[in-house]
Each structure stands twice: as structure tokens, then as C-alpha cells.
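Chain nomenclature is as follows: A, B and C, assigned in order of appearance, with residue numbering initiated at 1 for each chain independently.
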């Protein structure tokens, strides 16, 4: 359905929209000689002749600062989600930005659909407009995003004296009927021809050429991981994060709690984050993954050209050129970087390839509102760790797989991902072991039975116990790695399940005797005839009682004979440094990579594969992990850094 | 002591509280004879003259703003006027109107802070405003805060920020208040006038009579015909009338050993600037609201009681609120336009800016080189001009109260200094020491 | 919260404009929340009472004189937690501009040849220093002036037994979120890319440029600096001048 409005009628149409009190009308307008999306006061504010806006219209779906819930600390557990009600009309969105919105729709509305995003998306009407003026740094034509065929409710083509309007959805049709009833006429073939000609002519205005087609970016990047260009460019990078802030396809975010000075009322706020920023991967204990500037610089391009394409089957760049304009040393443009890699292909010193681990594709509702739960029991395990038994207040069975984690929420402090350490029980309660390392875990350690916490989850991929059935199981734990392992170990050793698994061996290394977790339970295991337990400590200070071994965990391997390596699965969980050595031992034993299971720790902030913090190269620890087979992650350079 | 009432008195106030900056009071009297009576200013010197040396004109206002957080808008305006005068930069009518709004906002903020947070606790017989929270005077505290907030929000609106303003640059503004926000402000201003009246009534009721003390001195303020001068005017003395010519010929600054700040004098041994001086010079030009407040608080022309400076500030706040209503209305009628800043061509030379800031006349005097770098800066700070007067007031007051208990003398001396609302960190900005 | 568990807070000022203390007063009605949360035992600018028994000491201002060094050391000894408040205390701020001159030059230039340096009130250190140039600082509330919200956040966190954190990213992040035209694109120099965020990019958002008052978080490579300056037609001298306003290095910047 196509219509045409003369300039006056079009202005009337916009005025009609503005006078509709049920709508917020936002559009492109001028700011200091550039353009922004903002509230329109009159039809004359709207600038359909803009080249590009300072930041993309993604702010309407993922606002720079979004209150996701408000809490009240004077009550045991009180949180209310923020809900926007008023409909929005966005006027003047360029085709490349429409393409970008279609991308974020995929990320935010597919499995684990984000409630906030969906709500805002539902109440928004997208009135796109064809490009009249091309920004100097844009290469949308090279990306094929300079014209669009979908993704809009209405599409405008400003032909000077008249505006052609193409209807793209029922929402768009209704808007036109309501606000341009007597203004819009059916477009003539001549109008449509003129609109088409204008779209064609735009393509010629793009001066920048992509030397390697976007379809080839995946292959190019698979060969360029060790390319010297990354270091050369990163050396000029200011790490200011501007490129990620202005990008229409970047969608990482952070979540912060802000409590008022009355120490009672507060809000949980979601705000844009960027993978280029130094603290992006910092976890509660202060550890930073992807520490180097070069690695972070490269990561952004790998997301655009490899990681996201492999996951969602589209290239995460629409060629708007905003990053190129915003980058002070001018090193951010994907066009120039990929052209550079292409031209200097021969210089690459190493590639990277991986397959995205398979996960269950089940559509789930996903939001940041935690469910209320009660602390049932607190038990001090060591000077650093406490065990919490937590039950969900809704009383429903809390279903999870061994190895999965939950996000524990304390209003005013924030959220932290914590592995479940009890076996699935079909009850509404579960156990967590919390090491005191940061603000949230400090606060948790102060909690008592009866106190309330928020729980989201369970998240991630745990152990696929069906794959372990019939096998001998070698458990190798280092330090706090015993915590998620306990969930599986207890499941396997449960009388109801024990028959389905073979021999069980546990190697467990701790720093000192007083750091050993679950000593009583381990003593019980030692009594079992079908379980072999070997313990070691790095060091045993004078006066400490210790009858196990002394040395690193790998020193335990010679003490037990693995009789049937072909039929043995190894479960390895420990600090990053441990993996390298243990994996070598397992290789010597002949245990195949696909039968080695590891659980990796990163900054899992959202739990839904969106906020970006827990990414290990192309995989999300919160979605494909935290449990991986070694086979799945061995080619990921960031996995065991 | 031979049956006679002792008139030995020792008062030592180290780091006087509830004033901006550090000042000490020393009184040592033996048998009714004053051995030592000193107003001492031990504030750490900060060398703003050195800081400004070599700075580009575009940075000078932002650096000199940092002399004082309380009157940073005043310092910025004075600095801009000096730079504009040095280079001959034109300033639009709208810029002047917005700047007047800015100085009104700061005057209100600073005065409300002084009246409510610094001076009022003495009237209420407490050490600070904190114990008043939740007391029977809680309502008054809330009203003071409300008025303080309005003044600050007005400065935020016009200047971008109340402490160390952002929007004001040589030749104009970098950001303008929106119509919507000016309209909101206009709606709130009349309410502020009522709030002020309620605060005044509460203070009047509790404070009783302000100490009846009088010492005539030379009062100095800017004046313009038919207006209560703040942003612009001519240097005027109650002793010698309007002064035309260089301010350097007017004030004589000198140094005393107990102070890191300079003192000033002109026609007589000391002079006074600030709200009371302005009232004495321009009192007849107060607008209706200002007049009404002056009458309500029994402030009459001429007034030679320095303790009444706080009251003169109240009259000024009333005046400011009404003046803001007029200013905002005019701005809304004309509409605030986004103006292009004038092209600035630096040239070698000197420029002087003079503004009435909350505590009195502020003068910035810069000498620039031909590429716009500051070669020399001379800053005359209101509190410096008052230091000598504080000393003389003390000398005149103490003999009349020497028979009172030490605690009472101490409190009265503290109240005397506080009445001046001294801004001490300002006054030690600069140490061009000359012995006289 | 019972009276007893309220942390005792003392606020002190050294060489500064006291604008950061004013910013505390400028939290307006929330002062009432503040005094419910903490017990202010010393705050010379607004209260007469004083006590040396406090948990948290908040220091405004730079350290200029030997006599101030001594007072500061006493405060450090008394306090469990010491907070540097504002640019002067955190990084030296504008006060450090005087470090472009030696003490002798200052004396000659400013005091004249009066031999006036004998007075302890005027005895200054060779260099004006931030608080952590003298004693260890536990937490920083940066900015000239401080951001009121950040002050509230830090105080609340400490009262709740948490470690307050400052943004670890530069002003550009907030500036982009605020949809400002880049200051460099307007042909001016801006310290936003290297200055710690937390001010909501207040200066660029009001048509000015970032002056770096919250301190630099990252020292870009020379290569990067050259690239940026040449791309925007700015010179090295201008960059140094802008940086020096709050982050003056010393003699070499004269």
C-alpha cells in the first residue's frame, strides 16, 4: 500500500500526530549543526534531510539509562518493575538504523526475550525515511542497508514537493488512517517511480568501498586473530568507548543499584556498557578477563564480523559510520579495518575457529525482576566461605541441572552469579556456597536465616548427565571449584542414580588444610567402596593437622590408576591456572577432549546472553556455559587465559 | 581581687566556625585594659596570581572561579568583564540580562546560606543547623532549604552549575535556559517570596533585638541611577561620593603580619563593603519587596550597626526574588535566542571588571599580552576590604562589653565576624605583599 | 539505625575554595537524610562543635604548608577511613598550577624581596600536594566541584559497609550517552577521552569542553596523541594548557 502527501499535508500529518495526547512523537531534529532523535515540538522541527544522527534510535528500546525496577529497603523484599505506557512514534529513521533495529530485535526478542525491550518495542511505531543526504563516513551501500524492504511501519520518501509513504505494517496503516485520513492519496506509478529513482540515486552518493564483502568477514576473521594490525591500531586507541556508545548494533549493558540517601528507596538501573572499556570484564573479586587493550580492541571487531554472525546469521554492522566519526584517532571504522586485514592477509600470524556449542533452544521469558526467596540456613564452612540454604517463596519446585547458576540479588548492592552446589532435589530449595570477595558477597555473609534475597535463574548450561551415564567419572577440583562439582557429585552418588554411573574418583586440591570445603562430606565419601578420594593441599603450615598429600592437584594423578580411559569422563573445575596442567595430565591418560568437562567463571551479569560481559570469544558463559566440554572451548584463545 | 569585679578577659577563638575559610579571634584584657585584640587570618595561601600567570584568556575565568566556591558565579562574571574590557568584546543585551539573573541567583544562594545555615544557629542558641532538624524549628529549616534549593536551581539553569559555573564564557553563553524551564521558574518565584517572609518572621520572633551597637564607617558599593546596583555600576563611597578613575587610586591595600590576607582602606582607617554598605548607598533603590522586608526587619537608612548586615542580606534576597521575576518575564517576552559568540581577537592591554558579589565589591584586573595570555592579575576581594573594618569594629565593641562573661564576649565577637559573612579563602587568593 | 551505630564523620578543609563543602550543603533536603545516616562531629564551615573522635574524615583542599602537613597527619591518625573530597584534595587541582614555579620564584614574584618567609603562616612546601601526597587516602570523591550524587553514593556505601567504586571509564561514555556533538568536532580540545567519568559529562553537555577536573584515568600513547591533534588541527601547546588546569605536572609546564 503506497500513498502520497504533498508537503503541506505531510506537515499537517505530523501536526496531527503531535496533537495526539496518547502519543510521544520523537523524530530527527537539528542539534548544534548535527542531528539527534528527540522530542518534536512542531512539524518544522523534523529534518528528513539529515545525514546521520549522533546516536542511533536504539535509545528508544534500550535507553541510555533505564530504571528496570524500584526497591524499598524498609521492607524485607519489595520491588516494582517500571512500565512505560505511552505509545511512541519515531519519525525519520534511516534504513541502516531500521536494519540495526531488526538485529537487536533478534537478540532481544528471540529465545530469552527481554521483557523491557519487548514492551517498548510493542508500543513504538517506526516511521522510517529514505536517505537524502549521505554522511561522509557511512558505507551503508556496501553493507546493503541503504534501502530497506522490511522492519518499518511506515516508510517515507521525501521527494521535495511531496512525500511518498509506504505502509509496512498494520500498525503503520492504522496510524495513517487515524492521522492522515483526508491528507494521504493513493500514490501514482509516477510517484513510486520517483521514489525508486531516489533510492537508486542514493547508492551513488556512497564513496567508500568495501574491499571484502560482509559475507566474507567470517572467513577473513577466522584467519586474522593473530594479525599485527590489531596491535598497531590498538596502540592508537584511547579506550574511550565512544565507538560502542554510538553504534546501532552494540547492545551490551551494565546494571547498577542506586539507593537514595535515606538508605531506603532505590532503583536498579540498566545502562549502556562497552566491551572496549577497561572494567568491562571485571568480576567481584577484582579479576579482569580480557585485560589487554589489543584484545579488547580486537574483540569489538570480532563481535561485528564473526561472533554475532555465527550466532545470529547476520553481520553486526550496518555501515552507518558513526563509530568512524566518533573515534578521535580514526581507527574504529569496520570498513577500513576489514579492508586493511584483507589487503594484508598474508601477514596474519594465526587464526581462530570454533563451533558454537549446542544449547537447548527453548523460548524463555527473561527479565531482571528477581523472585523472592528466603534464607533457610547459614553454615560457616571456612573463614571465607559460607553455605546458604535458600528456598523460593513461591514454593514451586526449583528445577535445575547440576552445574547451573543463579543470579543472587540484594537490592542496593546488586547481583552476582553463584553456582548451585546442591543436587537437583525437586524441592523449592537449593544450596549456594558463597566466598566473601566483593561488596555483594560481603553483604551476603551478613545475612541470617529468615532474611530475603532475590533469585533469578537458573541460568546457563549445566552437566548433561545423560552423556555421563555408564562412564567412570574422574572429578578434579581446585579450591572453590568443588562447589559446582558437589551438585553433580551428589547427584551421581545418590542411591537412586548411582547404578547409572561407573567408578567415581575425586581429586581435590586446596591451598591449606583450613581451606578444604565440605570435609565432613568428603570423609563420608572416603568410606564408600565405589569411590576413590584423594586430597592435597598446596602447603600445610606448622601446627596444622593434615593427613592428605601436599602438592598441586596434578600430583594426585599417579596415585590412582585409571583403568578404562576410553570409558572415563573427567570433570575439571578450578582456578584458571589449574586447567592448563590438569588438561595435560588428562591428555596423557588418553581421555578424549569431548569427555572432559570444565566449568568456567566470567562476569555473568544478565544471564540471558545479552549484556556481553561473560563472553569468551564467541561463546557466552551464561548461555553455552558455564559447563563446556574441553572440545568445545579448546580453540577459544580466551578460554584458559 | 580586692573585692572588685575582675575585668581580666581572655578570648581565643581558633578557626572560627560557620564562616567560609579560616579566621582566629584573640582578646587579652587585664584589669579592663585591652592588651591584645586581633582578628587573625591564617588561611593557607593559594597563589592565584601565580596560577593565572601565562594562562590563556579562555581559561582565566574558569581558573579564577576556583578562588571561591561560594561566590564562583561572581568571580566568573567579574573575570569575564575584565577580559571583555581588555579585548573590547561586545556583550549582547540578552547576555547582560542572563548575567543579571545569574548574580541574583548567587546573591540569593549565598545570603540564604549565611542567614539560614551560618548566622541563624546563633539566634536559635545552637551550634549548627543540624540540631534544629527535627526540633520545633524544623519547619523553618525546611523553608530555608527550600529557598536555598530554588536559588541553586536558578543558578544551575542559567549557569549550568551553581558551584563553578560552566555556561558563561567571554562574549556570552554556551548554553541557554529553555522557555519551559524559565516558565517553571517564574511560577516558583512568588512562592519563594512567601517562604522568605515566613523565615524572616521566625528569625525575628526568636532572635529578639540584635545587639545595639553602632560604629559609623565608610561604606562603599557600586551605584547606578534608579537601580540597586549589582552587576554594574560606579564605585561609590558614603564619604567621598562617586569615584571616577582607576580603582587602584581608590582602595589602598596593605598587609598586617597576623594575616595571610590583605587589608584595605580609603578615606578613613577602614571601610565596609557588602549588603549593609549597599543598603546604605542604594537603599532607596530597593524594589518594593526589598523595602518591605527592610521595614519588617526594622532596617532603616542609614544603618551603622554591622550586626545588621545579616538583616540587609534578607532585604536583598527579597529584592533579588522580585528582580528575578521582572528579569525572567522580560526574557520570556523577548524569547531567549541562541546567539553566536563574538569572534575574539586578543590584544595586549589591561581590562578591569567590577561586580557587586554577595559580600561586596569584587574587582578583577588583568593585563594580557598580544596573544591573549594573562601577564598580570590583580584581584580585590570583598572580604579583604572588610578585614580592617572587622578589626576596628572589635576595637570599638570590646570596651563596651568587657564586663560581660568571657563566653558571652566570645559569642558576640563571633557573631560580629559572622555578620560580615567573611569569605576567607577568597581573601587569601593573592599575596602581592606591600608593607605600608 | 540506632544512634550508636551511626558513623562519626568529620569534615576538614585545607587550601581550597570550599566549593565542595558547599556542594554538601547543596544536597538540600537530603541533608536531613545525611544527618540521620551519619553523625557529623566536625564541620567548621557550618558548625561550632568539634570533636577529634570520628570514624570517617573527609578532607577538602590541597596541602600547601608544613603546618598543614602536621594537621593532616593527626587527622589520618584519628580516622578509620579517610576520604579526599574534590579535585584539590584528590589530585591537587588548580592549586598545582603554582608548581610551575619554584618556591624561590614564587617568593620573588609574589612576596617581593621582603624576606617575609619567616612567618609560619607563609611557609609553604616546595610543591602543593594532593592529600595522598602526604598520607594514604582510602577513597576519593573527585571533581571540581564534586558531584552531589557521587558524594551521596560514596557516603551511603561506606555507611552500609560497602566499598564505594568510581566509574572506571572516561567522560566520553557519558558524553555520547548525552548526545553531544564532540568537542573536537567543534574544533576545540577536550580532556573527556582521558578523564574519569562520573560527572555526567556536565561541561561538554553545557557547550564547554572537559577540563579534566576528575583526574586522568589513562595516558594515551604519543602516537595516539599526535594522530588526534593533527586530525583536528590542534596543537600540543593547547593540549598541555588544557591538561594543566587541573593536572599540572610541574616545572616543565611553565
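The rule is short, and it goes like this: a contact is a pair of C-beta atoms (placed from the backbone, for glycine too) under 8 Å apart; a residue touches a chain by one contact, two chains touch by 3 or more.
What you see is a predicted model, and the numbers here were worked out from it, not measured in a lab.
Asker: Which chain has its C-alpha centroid at the greatest distance from the C-alpha centroid of chain C?
Answerer: A
Asker: Which chain is most central here if centres come from C-alpha coordinates alone?
Answerer: C
Asker: So, what's the distance in Å between the C-alpha centres of chain C and chain B?
Answerer: 25
Asker: Please work out the Cα centroid separation of chain A and chain B, and write it as a whole number of Å.
Answerer: 55
Asker: Taking the mean of the C-alpha atoms as each chain's centre, how many Å separate chain A from chain C?
Answerer: 36
Asker: In their complex, what parts of chain C are in touch with chain A?
Answerer: 1, 27, 30, 33-34, 36-37, 152-153, 155-157, 159-163, 168-170, 172-173, 176-182, 184-186, 192-194, 218, 220-221, 223-224, 227-228, 231-232
Asker: Enumerate the contact residues on chain A facing chain C in the complex.
Answerer: Residue list for chain A touching chain C: 31-34, 36, 38, 54-55, 64-65, 235-242, 245-246, 258-263, 271-272, 274, 277-279, 282, 325-326, 328-330, 412-413, 438-439, 442-443, 446.
Asker: Which residues of chain C touch chain B once you look at their complex with the stated criterion?
Answerer: 13-23, 25-26, 28-29, 31-32, 35, 40, 43-50, 61, 64-65, 68, 93-95, 97-98, 100-101, 106, 109-112, 114, 116, 119, 121-122, 124, 144-145, 202-203, 206-208, 211, 241-242, 245, 254
Asker: Using the touch rule from the top, collect the residues of chain B that touch chain C in their complex.
Answerer: 15, 17-22, 42, 44-47, 49-51, 53-56, 59, 62-63, 66-70, 72, 113, 117-118, 121, 127-130, 133-134, 142, 145-146, 148-149, 152, 160-164, 166-167, 169, 173-175, 257, 259-260, 425-426, 430-435
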